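Pasting a structure below so you can have a look.
Read from first to last, the chains carry the letters A, B and C; within each, the first residue is number 1.
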Amino acid sequence: MKVALFVPCYVDQFYPQVGIATLQLLEKLGVTVSVPENQTCCGQPMANSGFAYLSHGCDENFVDSFANFDYVVCPSGSCTLHIKDHLRAEGREDESSQIRGHIKELTEFITDVLQVKELNAKFPHKVGLHQSCHGQRGLGLSQMSEVVAPPFSKPEQLLRMVEGIQLIELDRRDECCGFGGTFCVTEEAVSVKMGIDRVADHIKHGAEYITAGDMSCLMHLEGILRRQKSKTQVIHIAQILNATTR
Amino acid sequence: MTQPGSPQIPLDHASRAEMFNKDSSRVDWHDETLWFVRAKRDRAVKQLPEWESLREAASTIKLNVLDNLHDYLLEFERQAQANGAVVHWAETAEDHNRIVHKIIADAGVTRIVKSKSMLTEECHLNDFLEQQGIDVVDTDLGERIVQLAGEPPSHIVLPCIHWKKEEIGELFAKHLGTTPGSSDPGYLTASARVHLRTHFLTSKVALTGVNFAVAETGEVVVCTNEGNADLGVQLADVHIACMGIEKIIPKRRHLGVFLRLLARSATGQPITTYSSHFRRPRPGQQMHIVLVDNGRTKRLSQPDFRGALKCIRCGACMNTCPVYRRSGGHSYHHAVAGPIGAILAPGLDAKEFGDLPFASTLCGSCSFVCPVKIDIHNQLYKWRQVIVKEGYVTNSKKTGMKLMAGVLSRPWLYTSGGKTGRWLMRVFPWLVNNKFNPWYKQREMPPPPSISFQRWYKENKS
Amino acid sequence: MNSRDRILSRLKEARVSNNKLPEIVESVLPDDLRQQLTSVLQGIGGTVVTTSSLKDITSYLLEKFKPAGRWISMVKDLDIPGPSLNGNPHELENVQVSIFHGHFAVAENGAVWITSDLMGDRALPFICEHIAVVVGSSDIVPTMRHAYDRIGNSSQDFGTFIAGPSKTADIEQSLVLGAHGPKSLTLFLVS
């Protein structure tokens, strides 16, 4: 199985430890992972701001980097969803379509493709799981509270395999954190209020760590936590699943 | 209570939302009140295992209506006329207002009662009639409150959700003569009952909205909890029912789907107190039905956006929207606010309402509470592309995006740009940690690492 | 071409022949319709009384509302005056209690279906202070889908579903019974 790792641009630049944890985790699970060296960005920042027409350069570069793998795995629900819905390099529809059909977010790759039933991971802490919206409602990583349907959660399923972890309940299980791409600065007041409320919900229920499948959400929540000088920290789910000793 | 639309207040959502957020505890109150309504909705719908099938059925029926609207409207008109109603067709908001005014003028009155109608808000009917010397009394309690305050409603179902009871108490003391300082909802409601009953008994003309118009029978269905639509109509000589053309449903039995979805989605009730089917006017009474286009036929021809015409105006999208709850309906500066407003308004005027599709994180919650399965979050994304293409964004944003796209699509530029940026942040943190950086206002910047993942990979793995 | 023609011609262009209309959406039905009806209606501020005799209705209502004020009953044999309606709804303004037959009740939401031929005057069910409705105890349908099956293509001039007393929660979401319509609703299920 030829698997390529797609590292979101802000993870590459600001949270390399998440990329490292993802790589190490996949290798531990027996996957041989390629890391295409010229990858940059999926183009979502432009597209979500209404400038989808400017993302052809990113699309082109993405197809150059990721064509012809069996799976492309990405530790971000929103980047994965963006590629799945919108990747269309001009004149390269076959390759684009192949990638769209084979890109997986990290947790769904582990549960659905690798079908892992146990993990050799230990993280004895109280952890709040933040359900990032695009992963949840877009990729179907977990059941959303809006619909009347049986509950499930792929990230939670994996977290429960981690020794010592205590997952906390929240008042609002899947409300948006408020990051929203450029929204975080164009609607700064509402974005921050949403983040403050999310953080408060986690802290109220005793979270030592807030985790999620999207570092963008966590970057925003971390900015608020650190401004509050809170002891609660953020950590990407890859880092928990990869944690052997702590 | 600030007056939206007055010159000192900026028009765009982001600015208004920022002002709304200055009073953080009030935002908490507004947010919790609306979340409470969302939670009631959840409890109500989870009692129906067939809920998702109902949504699918409603969506399918509405899509059928949109595809065959020409034929259904003709059938509706034929039936309504056979029932003794007069059917009017209005292409624009202005046409609608003129038609309604003429009916009122022909009745020889200068005051009417009106129950809730988002369509009349959209057409700014009240303002138009006031200018013609017609006094309009909104009889829905929430609408009457905002009317007395000189404001538009902030929510299509809960018009004064942004008002606290103490503030309503003050308003009633001023306008209805209630005891100053009293804020008991029971007392205030009872006072409004007496005040509005006088209007019901003295108004010869009653205007209502239409929740559903049945093509098969020509009847119009109006749903209220208060009974104000019914009291108004049954005591009046003239009933004017105003509706957007998309409010049609094919058959009476389809109400068996829609009336199971509407109130549960809106407020978590299994049904509104009254679901009244007006088919034929009382002997001696006139019934007028005004069918309004106002951009709906145009929207019908837009495949990306026509789905918004399925809307049954339940407001569920507003209650669930984390942005609406923390910015309030007036931040949307439009009759219909929230997620559905953000995809309807730009169709009327992309310049004036071009800010609305950006007032969202695209979380998608709205689409999944929508009883008729409008893909609101997808339409928000698509509207953004249209608004940018039509040029309704600032030049600085355009330039910034072009720059970003240029850097992100060139690996060497991305790598060196990222490295330089992080270096600058480490060595000169004040470059970004300052008041000109909107991120930094209330959040710390992410710590800039010394190497990127790609660099680490090169050095350690490949 | 007038407005109507212009609107219709635009709609004609947008016409897509789509005959897809869904069949029935099946529901999970409760075992005991009367129990569900009672619990739902009481939950929304109504009162449910089971009785086997019309006489009980009169005595119950007199006990609850005292004989004060003007009462009108559309239900015969109750010892309560029928309407002497002259077609002027305004003179019904002072009615304290009015009593009607209902065709049937809906268990899932506590609503009763009443049509204009049973109302006397169409304003009466809305203008009185308190309303009472009499429905046969076997005339309960599970859901609105069943309700419309029962209504079929009946030709009433005006009909309404009434679910409990009139109400509003417009003031800070506090529920108040008796907004503009009746302040209470009493449903008699008669076997």
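Heads up, the rule we're going with is that contacts are C-beta pairs under 8 Å (C-beta built on N, C-alpha and C of every residue); 3 or more make two chains touch, one makes a residue touch a chain.
Since the model is a prediction, treat every value here as computed from it, not as a measurement.
Nearest to the global CA centroid, when each chain is reduced to the mean of its CA atoms, is chain B. Seen from the Cα centre of subunit B, the chain whose own Cα centre is farthest off is A. Annotation: 32 Å between the Cα-based centres of subunit A and subunit B.
Distance between chain centres (mean CA atoms), subunit B to subunit C: 29 Å.
Separation between the centroids of subunit A and subunit C, computed from CA atoms only, is 52 Å.
Counting only residues that touch two or more partner chains, subunit C has none. Counting partners per residue, subunit B has 48-49 as the residues that reach two or more other chains. The touching residues of subunit B, when paired with subunit C in their complex, are 33, 36-37, 48-50, 53-54, 56-57, 60-61, 63-64, 67-71, 73-74, 89-91, 95, 139-142, 145, 158-161, 163-165, 168, 185-186, 188-190, 193, 196-197, 200-201, 216-217, 225-228, 230-231, 234-235, 245, 250-253, 255-257, 259-260, 267, 269-284, 291, 293, 297-298, 300-301.
By the touch criterion given at the top, residues 2-4, 6-8, 10-22, 25-28, 40, 44, 87, 89-90, 93, 106, 108-111, 121-123, 125-127, 143-149, 151, 153, 155-174, 176, 178-182 of subunit C touch subunit B in their complex.
Subunit A contributes residues 7, 9-20, 23, 35, 37-41, 43, 45-58, 60-61, 133-134, 137-138, 144-149, 172, 175-176, 178-181, 183-197, 219-220, 222-224, 226-227 to its touches with subunit B in the complex.
Of all residues in subunit B, only 13-14, 17-18, 20-21, 24, 27, 31, 35, 42, 45-46, 48-49, 51-52, 320, 322-323, 326-327, 358-365, 367-369, 381, 384-389, 393, 397-398, 401-402, 404-406, 408-411, 414, 418, 421-422, 438-439, 441-449, 451-458, 461-462 touch subunit A in the complex they form.
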